Every structure is written in C-alpha cells, then in structure tokens.
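Working notes, beginning with the structure itself.
A, B, C, D, E, F, G, H, I and J are the chain letters, set down in written order, and residue numbers restart from 1 in every chain.
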Amino acid sequence: MLFQVRMDVSIPAHLSETEVNDLKNREKALAQQLQQSGKWRHLWRIAGQYANTSIFDVASNEELHNLLLSLPLYPFMQIEVTPLCRHPSSIHDDDR
Amino acid sequence: MLFQVRMDVSIPAHLSETEVNDLKNREKALAQQLQQSGKWRHLWRIAGQYANTSIFDVASNEELHNLLLSLPLYPFMQIEVTPLCRHPSSIHDDDR
Amino acid sequence: MLFQVRMDVSIPAHLSETEVNDLKNREKALAQQLQQSGKWRHLWRIAGQYANTSIFDVASNEELHNLLLSLPLYPFMQIEVTPLCRHPSSIHDDDR
Amino acid sequence: MLFQVRMDVSIPAHLSETEVNDLKNREKALAQQLQQSGKWRHLWRIAGQYANTSIFDVASNEELHNLLLSLPLYPFMQIEVTPLCRHPSSIHDDDR
Amino acid sequence: MLFQVRMDVSIPAHLSETEVNDLKNREKALAQQLQQSGKWRHLWRIAGQYANTSIFDVASNEELHNLLLSLPLYPFMQIEVTPLCRHPSSIHDDDR
Amino acid sequence: MLFQVRMDVSIPAHLSETEVNDLKNREKALAQQLQQSGKWRHLWRIAGQYANTSIFDVASNEELHNLLLSLPLYPFMQIEVTPLCRHPSSIHDDDR
Amino acid sequence: MLFQVRMDVSIPAHLSETEVNDLKNREKALAQQLQQSGKWRHLWRIAGQYANTSIFDVASNEELHNLLLSLPLYPFMQIEVTPLCRHPSSIHDDDR
Amino acid sequence: MLFQVRMDVSIPAHLSETEVNDLKNREKALAQQLQQSGKWRHLWRIAGQYANTSIFDVASNEELHNLLLSLPLYPFMQIEVTPLCRHPSSIHDDDR
Amino acid sequence: MLFQVRMDVSIPAHLSETEVNDLKNREKALAQQLQQSGKWRHLWRIAGQYANTSIFDVASNEELHNLLLSLPLYPFMQIEVTPLCRHPSSIHDDDR
Amino acid sequence: MLFQVRMDVSIPAHLSETEVNDLKNREKALAQQLQQSGKWRHLWRIAGQYANTSIFDVASNEELHNLLLSLPLYPFMQIEVTPLCRHPSSIHDDDR
C-alpha cells in the first residue's frame, strides 16, 4: 500500500555540529536500509528546501507510523501523510 | 529532470455526460501514452479525492508546461508543481 | 486499518427536490449497509454543519477510495482523509 | 455528548529526559483511567504525527474543558475541539 | 451550556426578491422566538458584514444542531461553532 | 458600543512559577473589576483552549485599546477584535 | 472614531452593462457625498485590484455598519473592518 | 506616491527594559520627524494590537524601503506593503 | 520603478470561443506593445498554470494600476502586486 | 531554464554581530559572482521586507538546489521556488 510522505526538516540551533552530523549519518543509513527493503520506495529532494517527498510501500498505517517514528530526524520533522492508491489510468501493475 | 505535480480535478455541472466521458477517455489515452514514453513516470490516485499525484520526467519546465497544457482535463484542473532533484540518501541511480 | 474521514457536503442549487431526496435516500441506505458490514465503523454529525466525521475500517487505501467513490453524494463532497493507527495509550484491543 | 478532539503535542527541548518520561507516564495513566471511565471513548494515533484524534463522551463543555486541562501534556498541546451529535444515518443507538 | 456561533450569510442571486424577503421574515420570527425562549441568548451583528456572532444556551450539541438546522437561512450560511464554558474569572453566576 | 475580543494566551517557559501566579492573580483581579464596571460585559472560556471570547462595552476604540493594554497578560496574548452592533432581529434593547 | 475598511468588489457576470453602470454611478455619488460630510475621511485605490482601502470617521460601530450597508455595491463586496485609534507617536491632533 | 504599510511589532523577551525603552524612544522620535516631513502621512494604532497601519507618501519603492529599514524597531517588525493610487471617486486632490 | 505582478487568469465558461479568442489576441497585442515600450519589462509563464509572473517598470503606482486595468483579460484575473527596489548585492545598474 | 525564487531571511538573535556581518559579506560576494556567471539573472529587493525575489537561469532543478544550498544565509532562509517558462506573448527571445 502506497503513501506519499512530505518531510520538512528543521534542526534547532542548540544542537552541536557533532550531534547534527551523527543524526544525519544515522538518518542516511536507515533511509538507505529502508529503500533496499522496498519499504521506502522513492525518496526525492524538494529543490531549494531542506525537505523531501517520498513514497512508502507498507502493509498498514501502523507500519508507516513506526517507520517514520524510527527516523533519527523524526523529532525535527514536520510530516504530511497522503494515502495513495492505484490510478485507473496507470500502466504500472505494481503501483497497486 | 523530475517534477512532482498534484492535479485536483473539478468538472463543471453544465457539461453533458457524453462530453465528460469523451474528456475522460481522451485523458486516459494521453496519460497512458505519456507513461509509456517515460515522461509521466508515476501516476497515483489520492485516496478519497478526485485528484492525483504524479512524477514527470522531462527535459525542461517548458516541456512540463506543454505536456500539462495538452491534457484534455487541463481546463478543469488545479495544478501544483514542485521541482524535485536527487536526494543525497537515495539509493536509486536513475532518480537523477 | 482505520481512517478518519471528514465529509463536507454542498449540494448545488440546480438539482430538483426529487433528485436531492433520491440522492439522500440512496446515501443513507448505502451508509447503513456499510456500517452493518463494519467498514464504516463510526459516523457522527458535526454540530451546526452539513458535514460528518467518520471512522472507516478497511483493508487498504484502495478499498477506502472505492467505498467513498461509491457514495451517491460523493460528487458533492469535499473529503479529507487522515490515516490512523493504534495509540500506545489506548485500552481498546480492537482499535488496531 | 460527544466531542472530537485533535491534540498535537510538541514538547520543548529544554525539558530533561526524566521530566519528559514522567510527563508521558502520567499522561498514559490518566488517559487509560479516563478511557476505562468511558469519558475518553476513543483514542487513535494520527499516522506519522505526534498527534491523536479522540472522541470524548462528557456531560458538558465544562467537563470536557476540565478533563483536557487535567492532562499532564496539556501545556504542550495544540487542541482543536469539534462538537458532534448523532448522525441521522447512524445505526448505532449509543452514538447519541 | 453555552456555544458561540458565527453565521456568515450569502444568499444566491437566483432567488427572487419575494423569496428572499420571505426567508428573512421567517428567519427573524424564529430568531426572536428562540431569544424569548432563552435558547438564543445573544445575537449581535458583525459591523460591515452580512454575518452575526451569537451565544446559544442549549442542553446539548444535538439541540444546538437542530436549532441551527431549523433556521430558514441555514442553507445559505457558513457556520462556525465554538463550545464555551464558564471562565474562572467570570463574576457572572449564570455564565455557566 | 460592543466589541467581541478573542484572547489566546501563551505564557513563555522562562517565567518562574511565582511570576506566572502573580500575573494570573493580577489579571483575575482586573478582569473582575472591569466586569463589575460593565466594561467587560461577558467573559467565557473557550473549551479546551487557554483562550477566552469576551464582549466589551466601551465608548470608543481608544477605550477598548487602553483596557486591553492594561491587562497584565496582554504581552502574552494574541488578540482578535471584532466590532459588533445591534442586530435587527435582536429582542434585547441594551444590545445597542 | 476611526475605522480602516478594505472593500474588494466583484460584480457577477449576469448583471447587464446598464445595471452595472447605474450601480457604479450611484456608488460614486454616495461615496463623494460621504467624503464631503467627513464620514468617509480617506478613499484610496489598491493598485492592480478592484478594491479600495478607506478610513471612516464615525461615532459608532452601528453608524459604520449602516453607512457600508447603504453602498449600492455593498452586495458585491467582501469587507474587512479594522478598528483604529490614535497612535502615541502620531503628531496629528485630529487622528483621535 | 502613497503606500499603505501595516507593521506588527513583537519585541523578543531577551532584550532588557533599558534596551526596549531606548528602542521605543528612538522609534517615536524618528516617526514624528518623518510625519513632520510629510513622508509618513498617517499613523494609526490598530485597536487591541501592538501594530499600526500607516500611509507613506514617498517618491519611490526605494525611498519607502530605506525609510522602513531606518526604523529602530524594524528588526522586530512583520511588515506588509500595499501600493495605493488615487481612487476615481476620491474628492481629495492631494490623494494622488 | 519596478513591480513584480502575478496574474492568475480564469475565463468563465459562459464566454463563446470567438469572444475568448478575441480577448486573447487583444491581450497578446497589448502585452507585446507594452513590452516594446519597456513598461512591461519581463513576462514569464508559470509552468503548469494559466498564470504569469511579470516585472513592470513604471513611474508610479498610478501608472501600474492603469496599465493593468487596460488589459483585456483584467476582469478575469486575480492579481498580486509586490513593489520591488534595487538589491544592495545586485550588479545590474538598471535594476534601480 | 528559468526559476523564480523568493527568499525570506530571518537571522536568529543568538548570532554575534561579527558572525552576522561575515555571513552577509560572504553572501554578497557569492551572489555577485553568480550574477556575473549569468546563473543568478535577476535579484530584486522586496520593498519593506528582508526578502528578495530572484530569477535563476540554470540547467536543471539539481543545479538550482545546489546553488541555493551554497548560499551562506541558506540556513536562515524560507525559500519558495516557482518554475517558469517562456510566455507565448513574450517578445524576448532569450526568456526561453
């Protein structure tokens, strides 16, 4: 089941550079792991913004919620979730 | 180059059923043609809405504009365009 | 899987009273049928508005979309879909 | 009498981990107590957000206000209250 | 129990003058009847707007909803309902 | 002359408990004094919010401004002022 | 007493040219009469818009409301009223 | 050339009382000087808010920008600029 | 003096094709004439929208207003005007 | 390919004057370098605001993103990106 998720990141100024780099590295590692697993199907950067738009392929709302909660940058994100489903004009079978 | 495009469709009441069906058929035909060409990379239905979120892969803003303008339902659409680019954490090469 | 759905209804003036009553009767019949099936778990009226807030229990986004699309009043609705999941503090087992 | 209440939680960074955990534990205890009493009829997590949507069953606006005010996390919540009433198409008797 | 209700009225152009006057007369008669009953406690005009802000004193959300629904101008109103309760600094006993 | 005033209060975290209690006590004292004088005609709590909706009865915009400015919690308030006047359907003579 | 009033005008397409010209002429005549009386102290066009921002000098909200209601274009206006008062830094005595 | 400018002031808590008073005094002095020069034609307080609405009479956008930038409170202001021009119904010659 | 102007065009359905084409031809002719005169310095299409963003170089707000008012499509436009001035980091002399 | 970019700058209070001046100098140097290269085609100040509206001429979304990211003030900017393309009524050849 597909969900579009927009994540706007804003890291507060009081975190040290080391803390921020650590957060970003752990975020990247987990994001890539989730992409390899197919859960995080697409991840694009929104041009000009510290934000991304992503497509998640999960079994339920619950799974989506827990995945997002597990992201190291989650506490510094504003998140918008849009449930998707297959479009009648889509030619792709797996965009169910 | 990738763009995310949200299209909210609202067809005015004064069009006849025949006109509406004709519009929808021509829209579907063109949408599928553009998907086969790779220009319209992804097309998903937003659950509960007469709207879709799509990913276009085009060479320029100009090409995107002309593609959207060519859609039969264009006059009845509210369109939001978000330019995307490759995310540093993306594992996909072709999400350039 | 649970979704909260808000439906704001606005029926255009050009429909005749007979057409409107027919729409409303068919809407009520389908809504009650879906409630009996457990798909439409809760349906409440928003005080002062021609709107409702509902909880749907469905297997996927797709199923939710098709249910909403099947509602006779769908063409006259503004719909907002919010995906829900079980709250860690909930005491209800079936609010999965 | 039913009210829908949306609570968006945002805990300021200056609180220590101990303080935050204490707040969350006391919040969970009270939330479960209120659910057992029937006052807090439904509590769902909004997928992807540190927010919930709930249904309260109370005797008056006053009672609702005092209940919300008593929540340990109340000072860190943005709250939206929507008064509900029974929908003419509802099949549930107790959704008065 | 008190509710603040804002009503913004917009009467469509296609109604005849007779129909509009009839609506307004019936609206005024019912509004005054409800004020005499104490249900409609306060009714003020918002300066410069075809809108009012009112205070209703009712036993439940249900009663409020049915009262508003009974207003002849209801189909042409945008309504906002805000549940109120007694303020701890209020000196009025009956503003419960 | 009547004005509706909505006051949303948000007290910053850096104030000590003593300072906050002092502010609240002085606020309550002045609010009750103004109510006794008839200037602050109605004061209701908005259910679920640290906010109130009030009706002021003053001789001019100037007087309203100075009253609001004199409130101890003024610096921590977001204020919305709506000028009111007598509604043609009002049965109350003194709602001039 | 001063009020700032913004008026955005939007005349529906179904009115004939004669009706529109008649409305505009009557509007201009009344506006100039009110300016001569000092009630309508300032009237400026908002560049690029069919809208104006004005300063009214009236004795009460009531008087303002009745003046605005008397404008021939009132039914086609979206109106925003902002109550003003003398600024402590103003050097003008009559901007009370 | 006339511009309407709305200035909403919000002074951060970390400034000392001395600093704030100094800012306010310098702001008042400059505001009065600009009013005497005719540049700052009108300055009104928005009732209930730490905000003003003003009319500036300047030769260009550039001059307006530099004037606003020179205000001691500028760094703590949210500013909205609306270009004005003479209204065809205005009876004032100098409201060019 | 420079102004940024955004024009969103929405032509009502009741106009005939001939009327619409005539409007568009006259609009194009005037727009090109104004560009040749230097008044309309830049005109760009917003990708995906029936809208443009333009830079006007005019002597006053008045001149801008009259130019916009003269556009055949003006009655069907939503217009947003933003006054600009030279940026201290600009390397262009004529972007005064 | 052209993009319109609006940048609203807000520098947090905790930065020292030296840090702020250094940021601004580096920002100006890079902005002028990018203008000389033709990438940053237009840069205008929005009158009354610490904001600019700019036109970038770049080969792709990616290039735009990296340019914006390289700006020293980027972390303190709210950025809005609008993709542009040549307007059919434009007389300029290079506004492709």
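Rule of thumb we're sticking to: contacts are C-beta pairs under 8 Å (C-beta built on N, C-alpha and C of every residue); 3 or more make two chains touch, one makes a residue touch a chain.
Heads up on the chains, UniProt names are A, B, C, D, E, F, G, H, I, J = Muconolactone Delta-isomerase.
Everything numeric in this text was worked out from a predicted model, so none of it was measured.
Novice: Go through the assembly and pull out the chains touching subunit A as well as subunit H.
Specialist: Neighbours common to subunit A and subunit H are J.
Novice: Indicate whether more than half of the residue numbers at the subunit C-subunit D interface occur in both copies; give same if so and different if not.
Specialist: Looking at both copies, the contact residues mostly coincide.
Novice: Rounded to a multiple of 5, how large is the rotation, in degrees, that superposes the C-alpha trace of subunit C on subunit J?
Specialist: Rounded to the nearest 5 degrees, it is 180.
Novice: Cα centroid separation between subunit A and subunit G, in whole Å?
Specialist: Computed from C-alpha means, the inter-chain centre distance equals 51 Å.
Novice: Would you kindly tell me how far, in whole Å, the mean C-alpha position of subunit F lies from that of subunit D?
Specialist: 27
Novice: Using mean CA coordinates as chain centres, what's the gap between subunit B and subunit E in Å?
Specialist: The separation of the two C-alpha centroids amounts to 44 Å.
Novice: If you look at subunit E, which of its residues touch at least two other chains?
Specialist: In subunit E, the residues touching two or more other chains are 2, 45, 47-48, 61-62, 64-65, 81, 83-86.
Novice: Mind listing each pair of touching chains for me?
Specialist: A-B, A-C, A-D, A-J, B-C, B-I, B-J, C-D, C-E, D-E, D-F, E-F, E-G, F-G, F-H, G-H, G-I, H-I, H-J, I-J
Novice: For subunit H, which residues count as touching subunit G in their complex?
Specialist: Touching subunit G from subunit H are residues 2, 4, 27-28, 31-32, 35-36, 42-48, 52-53, 55, 82-92, 95.
Novice: Touching residues of subunit H toward subunit F in the complex: what are they?
Specialist: Its residues touching subunit F are 13, 45, 47-49.
Novice: Which stretch or stretches of subunit C touch subunit A in the complex?
Specialist: 1-3, 60-62, 64-65, 81, 83-86, 96
Novice: Would you mind writing out the residues of subunit G in touch with subunit E in their complex?
Specialist: Going through subunit G, the ones touching subunit E are 5, 12, 14, 61-62, 64-65, 68, 79-81.
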